[in-house]
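Note that chain A is present in both complexes that follow, paired respectively with chain B and with chain C.
Take a look at the complex of A and B:
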């Protein structure tokens, strides 16, 4: 029996989760939400995490009905992510690992998402679309490693959505992407936007620039509503994601798709991916917001896999990395 | 007084303070800051050291920071070219140190 506690805080969510042999015992989380029109900056985010992390640790232990003595190892996000928040979380993980006399495991954030997706959905060997505010990658496991088959060449799709939300001052509570999704449901006019798939890869900064300008022009002249823009943006961005996922599936001969990451919560994206999968006779796997959105349990799960394979992270090597 | 002369004065004052503290900065023209943090035990000072030393300074050049645990005291020595850079590094470190101390207080003492 192996019990792992996992710490995640690479962006504006701070989560601590406890996993015992594939069972999630607790997974509390807090989100740093900024006012409409504002994004989250590293130093303020780190400050938020610092102020709540110990409370969340206590919650995780209480919910799981465990004491520190029951924990076998301490996993934390080594990277990638924002520097200051990553350091905050790593400090607590390192200190607890030493106080409790347990080994430390530095986990890759992206692999955390994938491993949790695999655990929850039981997908066998899927082509993974990892989409969030910080990442957009198409990943598959090949020759003993996760490999990137396609990715964004500039910003993540979630970043594009979040920054558009700022322009039209959509609330960041619970997340800008969620609110865009709700507004998109009420959109009726399709506004044509640049479609920028680049082979196996995809680009979003051009679409963002275009829609930021279009928003100013078209909303003030009344040509369309904010809901129409939300709808059009989702349709365009998600079509691009479906295309590069399909291309990777064709290369790998894969019959399964797994969507992970915060943007994976989006039901329209799941619907569009589902249509493509159906056409190919493939199966689609997705998780709900508990595990799509950054959380501690996913880090614990990836840590559990690492620990079982004999990996640990020595303290001098436990530095965090933004990339 | 102009803004430029005010900040030039502050820089001179900080330099003087730093020189008073560590004495031998005249030749290098660098600023310095020293911090000694006592812990309840040698073990806890060592834990703090291991938690606070792995991460690299975000800024590539213009600042050095050395951490060492001597007995139950954690000693930190900074040198920097600019006051602003020194201030940011020391400020961040103190926030990180506070977090480590809070963690130890909430979940310590270390198991034997």
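Take a look at the complex of A and C:
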């Protein structure tokens, strides 16, 4: 029996989760939400994490009905992510590992998402679409490593959505992406937006600049509503994501798709991917907001896999990295 | 169903054999005007919004044909375009019988542990052809080793390198766009064929020698490589 506690705080979510041999025992989380029109800055985010992390650790242990002695390994997000929050969380993980006398494991955030996705959905060897505020990649396992087949050449799709939300002052509670999704459901007019797929890669900064500039003009002239813009933006961005996923699948001959990352919660994206899969005779796997959005258990799960393979992170190597 | 009604419009397709369903289109093999033909059908993508789908499909069909013709005029080997049906978005192309993709060629060469020299000369040839294409200001947009074919001409002659799949292509003189074009190929190359970094370097070297505008493009390629891979997400 191996019990791993995982610490995740690379962006505005701080989560601590405990996993025992593939079973999630607890997974509490807090989100730092900024007022509409504002994004979250590293120092403020780190401050938020510092103020709640010990409470969340306590919750994780209580919910799992475990004490520190029952833990076998302490896993934390080594990167990628935002510097200040990563440091805050790593510090706590390091300290607790030393206080409890347990080995430490630095985990890659992206791998955390993928491993949790695989655990929850039991997908066998899927083409993975990892989409969040900080990442947009199409990943597949090949020759003993996870390899990136397609990705964004500039910003992540979640970042594009979040920044658009700021432009039209959509609330960030519970998350800008969620609110865009709700508004998009009420949109009816399709507005043409730039569509940029470059081979197996995508580019979002062009669409973002376009819509940042055009939004105000279009809204004030009454050409379309904010709901229409949300709808059109989703249709465009998600079509691009489905397209590059399909390309990777065609390239690798894969019959399974797994969507992970915060943007993976979006039901319209799941719907579109599902239609594409059906046309190809492939199977779609997706998780719900407990595991799509950054959480501690995914770090614990990836850490569990690494620990069982004999990896540990020595103290001098327990730094963090933004990339 | 949309698919069936599409096929009904093209009863011709029912007589052809479907050879593959790629991400973009279905590819059929048939005979057209007595010649072996490949028919590339860009069928509607149901997951896309109808307006977006029609715009994209039409644009890609038109762009593909235009770029193929532009390349041919510049002396780059591409399949001959026999006919285009713009309503069903079907392109009728010359079937390069007996050709194999560069992808399969490299894979089998690596598997059989063949003489690396022949792969090197292939890389050099690729660099030369791409330089020619970029000098024509044609950006392929989807360079992968699956989109390059090797056609055996006469017995002793070197195989002919043929470029296909110009659906994402466009016209541009910008080093940025050409740099991204090479970047797309580099990524596809290295992820599909592990341990071929040196081979790709050969390709780039050959490209640099063959094109006068290469230095600016390679500079952009170096820049593009640094982008996207975990850049700061503070918006």
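Convention: the second predicted complex is superposed on the first by the 323 of 323 C-alpha atoms of A that agree within 3 Å, B and C clash if a C-alpha of one lies under 4 Å from a C-alpha of the other, contacts with A are read in each partner's own complex, and residues count from 1 in each chain.
Rule of thumb we're sticking to: contacts are C-beta pairs under 8 Å (C-beta built on N, C-alpha and C of every residue); 3 or more make two chains touch, one makes a residue touch a chain.
Here the structure is a predicted model, which is why all the values come from computation and not from measurement.
K.L.:
Using the superposition on chain A, tell me whether chain B and chain C clash or fit.
P.N.:
fit
K.L.:
Given the overlay on chain A, how many degrees, to the nearest 10, lie between chain B and chain C at the CA centre of chain A?
P.N.:
Approximately 120 degrees at the chain A centre.
K.L.:
I'd like to know which partner A:311 touches here: chain B for first, chain C for second, both or neither.
P.N.:
neither
K.L.:
If we overlay the two complexes on their shared chain A, which of chain B and chain C does A:54 touch? Say first, second, both or neither.
P.N.:
It touches chain B, and chain C stays clear.
K.L.:
Which chain, chain B or chain C, is in touch with more residues of chain A?
P.N.:
Here the partner covering more residues of chain A is C.
K.L.:
Does the superposition put A:320 against chain B (first), chain C (second), both, or neither?
P.N.:
first
K.L.:
Output check: A:99 vs chain B and chain C. Expected answer is one of first, second, both, neither. What do you get?
P.N.:
first
K.L.:
Quick check for you: in the superposed arrangement, does A:197 touch first (chain B), second (chain C), both or neither?
P.N.:
Only chain C is touched by A:197; chain B is not.
K.L.:
Quick one: minimum Cα-Cα distance, chain B versus chain C, in the superposed arrangement, integer Å.
P.N.:
13
K.L.:
Over in the complex, which chain A residues touch chain C? Could you list them?
P.N.:
Contacts found on chain A: 11, 39, 41-42, 79-80, 82, 133-134, 142-143, 147-156, 159, 162-163, 166, 190, 192, 195, 197-201, 235-236, 239, 242-243, 246-247, 249-251, 271-273, 275-276, 279-280, 322-323.
K.L.:
State the interface residues of chain C toward chain A in the complex, per the touch definition above.
P.N.:
Contact set of chain C toward chain A: 21-23, 45-49, 51-52, 55-56, 141-144, 146, 168, 180, 183-185, 187-188, 191-192, 194, 224, 227-235.
K.L.:
Given the complex with chain A, which residues does chain B contribute to the contact?
P.N.:
Its residues touching chain A are 47-48, 50-56, 58, 92, 95-96, 99-100, 102-104, 106-111.
K.L.:
Which part of chain A faces chain B closely enough to touch in the complex?
P.N.:
Interface residues on the chain A side: 46-47, 50, 53-54, 57-58, 68, 83-84, 87-88, 90-92, 94-96, 98-101, 315-320.
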